[in-house]
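Listed below are the structures to be examined.
In what follows, chain A forms one complex with chain B and a second complex with chain C.
After this line comes the complex of A and B, so read on.
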């Protein structure tokens, strides 16, 4: 650490003086080692170069991978990235807790569905319909902003949450408005037109495989939205957004119309969400109310928080991680791999701080084989559950998986696991490390026997665990800027 | 020529407490007026009334002869009133440069669509904003320049934060500048510097200045006129010497006994 001592420290009382400022560059810790050099070089790459590189890499995916499923997942991920970008305007830059965000996604999808389907026999040209949808989204965003503009924090959250519920109620009950069926109620709207651009219909299926045209279209929209929002953020409007997020009263006193700025950020978020909604509706050819509800809201928020609210590359990274992760967690094999990888990864991270955790990991491994051996010796049907090759087979030789699970086991083991975790958090020292061994094993048991058979809640539980772990390690998200609340 | 700022019979109550009571005040173009008074005298409330954060219950506030009562703070800011805060209210997580550039919002025009398209006019305006920010920050010599330009405001020292607040306030292109305890929390050297600086703000910046200050050396050094408040009432007005020896002022600061023995 000798070279980190600032030069001039021994040359007299220059601290706080202007010479100190003038010599800042030579005082800065100079890069050491190749990693630092690479890091400094990478920092010089402009943001647009990263964006082009990212889009180009994404666009190569369907060339490498022919599977329609992968393409579909890629398309959904781009939609998630768009939604995260939109929410980032409201939450990250505007600093407003908008829990009604996905309603605008729904409004976009529904408006497109009404303008381009057999429902009322209206078939507007795609560019016109998309333009109308974006305007409708922005205007509804402004309207929601009107009653909300004097609200902050919890109160704003409640009003926007109410708006999401209102959207649900209207779409679910919109099948008999004065005897007219408008939104199709819970059955939604079917037979929505695909996009029609440059004289071609963009078919969803091409020779039985998901067509890449939608993926490329979505990527193009993503690029345009990313750049447009970035430019707004680098303008006086963006600076004013951040100012009022930091201190509304000071921003107002410095000539910034805070209420209008809040409305504007609502409108921007809503317009981006509505635009994304058209892509979704055109691709799915049908819309249903429940698509635009809490699960999606929580997912998009997870992406923004995980990636780093306020950072555009951050929220895109968040969408890029969470989107495919939720998809992978649907399949038992991948889901199992993710769960154990997260478990081992977490232990390794802890072991960096406390070597004893490494011993806990090994002890758990041994404990598992011992329990498995004892159970097999008592009754072989206790360990006769799922057997297959590879990783699943290895796990089945370690975790007790009974052939038939008695009905009392899932609830008891699940509640037992929660009790064990609580116990581990209250005890200290050696006892905690000893208790950690059966707790980890019980977690694996619950995962194999209970969670795997219920993938829908299980994948959100895993996502939640990853989020908690990450928030402890990096409270501002992966790429979020460091924020200071009180100084 | 009418006074640049004129308060006539302004009163404000919080519940049953009369914070400002029938206050008359005039500030003429190019003047430096100090407002003094013990804690809770209503000095900061006076600033909040002038900048539109509170509306007066009674009376009128005129800027260049036009009433500004009922206008929103950002409108008043655009009319040429800017301020600093006693409890610093910087945009802490923004860079030094952005703090000052953000305050140019009121006198710049580029809308969101022009920003999205980065039209030549918008870029010209951005360059103009940046030039202005550089100019306003260079008012403090090298203290807020160089590498500090891109540092977040929270990384600044307390004195530099006070300086940045003044730079930010001048970036709105005000005609009258309200400084709320600019020397609070500063060491003697820095206090001396701020005294010189307030004078320079008038001679070089051309601002009319209304300043709240507790440090009597500063008040003595800068003021054309001093106004003393106590319990929301103006108890004295005049030159520093007149106010400093005024019985009511001494009483307000030190109590009745001291005034009698003086």
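After this line comes the complex of A and C, so read on.
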């Protein structure tokens, strides 16, 4: 960095400057020498080569790792990637807040279930059923967009959110519509046919292990959807989407059919979600209403926002991070490892800007041993929590883990932790660094004592925190383009 | 006829709770132009604070204070706790995003809502909490009251509706007759101009969150006096309150009251005369009808876009 570049020029609100000017400092900060050459070379690799590389790497996974569990997680992650790609069309390109997105996923799954199961004895050939499902998804998306097309994002949010609720109402109560049982109610629809392609039934299990066929099929669908959406985005329609997102009024003045464009992005997102729904239904052979609810919605949103809404590789990366993360947080051992990795990683990241953070890290380590020692000296049952070997054993010598957790400890420590974190964000300078030490230790205490035993809410708390922190610290996500608001 | 009266009484109780929630949405929207998705979860937290306070005071079977004081105290605790929560949410999740693109605070709000609901589940589990008001003073809240024809209107319902009315009148007075209220209205009308006239915008926004969240806390207690509460009620309550605010005309305080009552009536009659299961569908149809024919809501102003 040369002296003439003002520090932090590329930070702060870039209102009123266009992208090129806003990124001036960033360009000057780019590394020189061999790193620069490597980066430039990498940039020259076309996008489709990256895509092929990515899919090939993903396809190799079940070859290396034989366990059915890993394959299943990989399959779920591909579904998440598809959902994220679909949501990216609506949120990232269309700029619309679609809170009913997962309802379309549900519609896809349910429609496929009705068309290919013993429920009504209909067994359409798979390609026909999938085609019908995609059309149904797109049409319902169009219909839902119609009443809200003239309205701003807020109204769209309520209509779509209510639509999600309505999907729940219809599927849970659809077991007695005028005496007919259509959706199976809370018990869902069972015995859905697997996909039948090229004269073969795609079995879910192969010799007792999760079959790779669905994983490869999902990957193929992913590749097709990725490429198709990429072409759409580079077409006239894609450019029009982005311009109406930036400034609807200006786009309208340029003669773009803004309402139609919004509906179109809605329909595209819905169609992708419905298509993904067929994969889900065919694999799990059963569908239940509660699968398609608020939790899944937030999950997919976190993926899109974390990866960077508007960027296809970004949202795929987001799904690739969040999907396995949610899975890993279910297990105490992995969850603990992730927590400490995030803690150390975060400190290292901060230490690049501020050397004093290194001292904070060491101080926290010392603080932990001190607290542990004092607690053990007062009452040995305070640190008598289960002891294990390895990393967990080390942690048990550092974090206070009482043998019996009094009922007041979880609420007090958890709420205290939140208060401490909020306090740390408010104070500045030396005081912040001093406060950081007990806060980090308290976080470890809460994680070890409160969160690990209840993975279900704990992992969703992590999602909520990611969303809030991202919006404040890095709204463009990992790979998304920074939006420059033009005034 | 009896059924009609019964349903009307139900509608009034249901509608008052919706109206209280809707007021919170509308107040915040009026000042910040932000849909505070976390509001439904503030309502849920309020119902839990009320429950905690009730346990502190000895529970309904053996309260240490007179019944009326007990009710006042748990409501006050919930209102105070929720107000603090609302201020914290505003300060840490929304204020940093005040000048960001409009979608950013919405997504942050989604995160807050999800965070609150799951934190409560982490700490207190998914079991329903019953205030058990029936045990209070030999069920006098249910047996007392008055009769319209053959329909008995329980004291509890009267309390719900009357306290809602009192809160609304207090809010109306605050907003239209005090200096702070004037500042709120000015900020809502044009934030920049209000700032230039020397109004402390941050203070006004914090005050708005205090008001809205306190109302949500009160609503949480009023609802839970009749129905057991769980950590999952925030989503649907928020959705209904939000719908009420939109139907009434978002940003308009009388609109939120009207919208809440309308929603209460629609739901109650739909449940009574048509079907319990499909009342959501009917409410959704009303919402869509409003979107198409009167997007500005019952009492809202038409949104004029300035270029």
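In the analysis below, the second predicted complex is superposed on the first by the 438 of 487 C-alpha atoms of A that agree within 3 Å, B and C clash if a C-alpha of one lies under 4 Å from a C-alpha of the other, contacts with A are read in each partner's own complex, and residues count from 1 in each chain.
Convention: a residue touches a chain if its C-beta (ideal position, glycine included) is under 8 Å from a C-beta of that chain, and two chains touch if they have at least 3 such contacts.
This is a predicted model, so every value here is computed, not measured.
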**Fit or clash between chain C and chain B when superposed on chain A** = fit
**Request:** Determine, for the superposed model, which of the two partners chain B and chain C contacts more residues of chain A.
**Result:** C
**Message:** I'd like to know which partner A:239 touches here: chain B for first, chain C for second, both or neither.
**Reply:** first
**Message:** Going by the contact rule set out at the top, does A:228 touch chain B (first), chain C (second), both, or neither?
**Reply:** first
**Prompt:** Taking the superposition as given, does A:264 touch the first partner, chain B, the second, chain C, both, or neither?
**Reply:** first
**Asked** In the superposed arrangement, does A:249 touch chain B (first), chain C (second), both or neither?
**Response** both
**Prompt:** Given the touch rule stated above, what does A:464 touch, chain B (first), chain C (second), both, or neither?
**Reply:** second
**First, second, both or neither for A:95, with chain B first and chain C second** = second
**Item:** Distance of closest approach, chain C and chain B, by C-alpha atoms in Å
**Value:** 8
**Prompt:** Which chain A residues lie in the overlap of the chain B contact set and the chain C contact set?
**Reply:** 249, 483
**Message:** Show me the residue ranges of chain B that touch chain A in the complex, using the header's touch definition.
**Reply:** 51, 53, 72-74, 77-78, 82-83, 85, 89-94, 98-99, 101-108, 110-112, 115-118, 122, 125-126, 129, 141-143, 145-148, 152, 154, 157, 168-169, 171-172
**Message:** Considering only the defined contacts, which chain A positions touch chain B in the complex?
**Reply:** 16, 18, 21-22, 24-25, 228, 231-232, 234-240, 242-243, 246-247, 249-258, 264, 268, 481, 483-484, 487
**Item:** Contact footprint of chain C on chain A as seen in their complex
**Value:** 13, 15, 91, 95, 97, 99, 147-148, 150-155, 157-159, 161-163, 165-166, 169-170, 173, 176, 249, 294, 298, 301, 305, 410-411, 414, 422, 425, 450-451, 454, 456-458, 460-461, 463-468, 471-472, 475, 483, 485
**Item:** Contact set on chain C toward chain A in their complex
**Value:** 29, 35, 88, 91-93, 96-97, 99-108, 110-116, 118-119, 121-124, 235-236, 239, 242-243, 246, 250, 277-278, 280-281, 283-284, 287-288, 291-292, 295, 303, 305, 307
